[in-house]
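What follows is a pair of complexes built around chain A, which joins chain B in one and chain C in the other.
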Partner chain A sequence: MRKMEEFLRKIAFNIRRDRELDLNRRGFIASTLSLMGVFFVSSTPLIALSKNRKEEAHESEVFIANEGDLEIGESFSFQFPDENDPALLIRLSETEYRAYNIKCTHLMCPVYWEKEEGHLECPCHNGFFNVEDGSVIAGPPQRPLPSINLKRENQKIYAVGISQAQH
Partner chain B sequence: MGKVLYIDYERCIGCKACVIGCEECSGHDHLSRMFVDELNPGETVATSPTPCMHCVTPACAESCPVQAIAIAADGTVLSASMEKCIGCKNCTYACPFGIPKVDDQKKVMYKCDMCYDRTSKGRPPMCASVCPTDTIRFVDEDAVKYEPPKPVQFKWDFGGTVIETRTVIGLPDTETNQFGYREGGGVQP
Partner chain C sequence: MKMAWWVFMSLLTVQIILVQYMAEEFLAGHYEGLVNYMLAMGFMFVLTIITYWIFRKIDQVMDH
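Up next, the complex of A and B:
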């Protein structure tokens, strides 16, 4: 207890004249930097944890629709990767399909397929997305729509993953 | 070990030479840091000279918000640095012995620094030099604390908080009453 009190006195009171300059500006900067270093080092377990975390990849293939079910220019809504994530499958041409998560990146209103204009539209604040890659054409959203990777096999369309497009 | 002040109250005659000597010390700016108190005026002529007790853990320095009061390498508690002191009087309230004074004109605190100019060069402080009865002496710390000529006190209990001081007080002789105050109101039959 007495040792503790002496230690606290030592660090709290800068009254020894021969050690007066130990707590100068340079000492303050050194202690600040070393504190930052301690924080950095103490965060490495967290980095390791985040590296070890399983990728949020959705390995499972989810069946969406048969190829013939959708007319060119039509859309079909489904849920991927789980029930709370609405998504839209759009057929652009004979062989081209696109699928996007339709939560608007602005305030998560559902985005719908505007067939005549040929883009995705969010009705809440007039946000427009390019159907080719999900990028923002106009409106308040800053980030593109997450696109869903598709796989076609035996005339069937599967959703195999979701990726944040880099634009 | 360094040298410390040793004060033997029994020898004091109350001449206040130490007060004047303190004023004359070169670093003291004609402000006396010495106290000579009359203990019981009318009953006895006993007086007690009190310089700074130079605590090992000085409450004045620890209470100072700007750390103006420093402890020198030999343990002397110095007077406040003129540049740092803000005249807040914290030290006057913190000191258990009531030593620090504040110059209200300059708004700085001043207290006994054991004439640091002199003692750091091995010369005795002014009060010890001028004392005609050797009440205040400048003696070796270990010798006076642990092999004292008479009972001394340098640890003071303030309600559980024990403060050790470098200044040593010689306790009055209450057994034989060889000098000074006697039991019985000071009236001698």
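Up next, the complex of A and C:
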């Protein structure tokens, strides 16, 4: 009977002051200090990740076309940096080439090269882009087209990187 | 220590804002500024350590 009583006391008065977590104001401030440290340390993986991404971006160098393949004013479509990113190479003059990612920055419709007008046009909502730098001339898009950096070597044109539009 | 509580909360607020900004910069692909954010967070951490140390000293003096 006594054992039973002890057991009931034990489960009824179950607050053990000596085992309580001591989280008064001082304890809380100390834990804040460690939280600050955790935040700081957790920022370092982002730096490492961004370094990796940068290296990946620099590594890819994709052959697009030979210089003679394109007439002045003609365009050539290709994929860069991977298969799901359609891009367009445009020859403006004897020595000038431009390449852009052709997903419209409005709703990702494919932009095409309007040779007569001399600009890039999105047929979905009539967005117009400047062929010189990819900036928006008119229409609903708010941001310029991402431009692809080109490298010319031995009469061949390579895509070496992509400059994201700053927004 | 009441004052310390408020000081620490403000320091923590700044740190949380920095974390949020850094994450946004990372997701937007602007990797150039990330190092500055990390340095800023390191600075805030050091500042917090110094503040904590000062308040502990004050505590000890008050206990005497």
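Convention: the second predicted complex is superposed on the first by the 107 of 167 C-alpha atoms of A that agree within 3 Å, B and C clash if a C-alpha of one lies under 4 Å from a C-alpha of the other, contacts with A are read in each partner's own complex, and residues count from 1 in each chain.
The rule is simple: contacts are C-beta pairs under 8 Å (C-beta built on N, C-alpha and C of every residue); 3 or more make two chains touch, one makes a residue touch a chain.
For clarity, every value in this text was computed on a predicted model and none was experimentally measured.
> Could you tell me if A:S50 is touching chain B, chain C, both of them or neither one (first, second, both, neither)?
So A:S50 only meets chain C here.
> Looking at chain A, which partner touches more of its residues: chain C or chain B?
Here the partner covering more residues of chain A is C.
> Applying the document's definition of touch, where does A:F28 land relative to chain B and chain C: first, second, both, or neither?
In the superposition, A:F28 touches chain C alone.
> Who does A:Q164 touch here: chain B (first), chain C (second), both, or neither?
second
> Please indicate which partner A:F39 is in contact with in the superposed arrangement: first for chain B, second for chain C, both, or neither.
The second partner, chain C, only.
> Of the partners chain B and chain C, which touch A:R17 in the superposed model: first, second, both, neither?
first
> Is A:R9 contacted by the first partner chain B, the second partner chain C, both or neither?
It touches chain B, and chain C stays clear.
> Considering only the contact definition stated at the top, list the common interface residues of chain A for chain B and chain C.
On chain A, no residue contacts both chain B in one structure and chain C in the other.
> Which part of chain A faces chain C closely enough to touch in the complex?
Its residues touching chain C are 25-26, 28-30, 32-33, 35-37, 39-40, 42-44, 46-47, 49-51, 53-54, 164, 166-167.
> Enumerate the contact residues on chain B facing chain A in the complex.
57-58, 61-62, 64, 67, 69-73, 78
> Using the touch definition up top, name the residues of chain C that touch chain A in the complex.
Result: residues 1-2, 4-5, 8-9, 11-12, 15-16, 18-19, 22-23, 26, 28-31, 34-35, 37-38, 41-42, 44-45, 48-49, 52, 55, 59 of chain C touch chain A.
> Within the complex, which stretch of chain A touches chain B?
9, 12-18, 20
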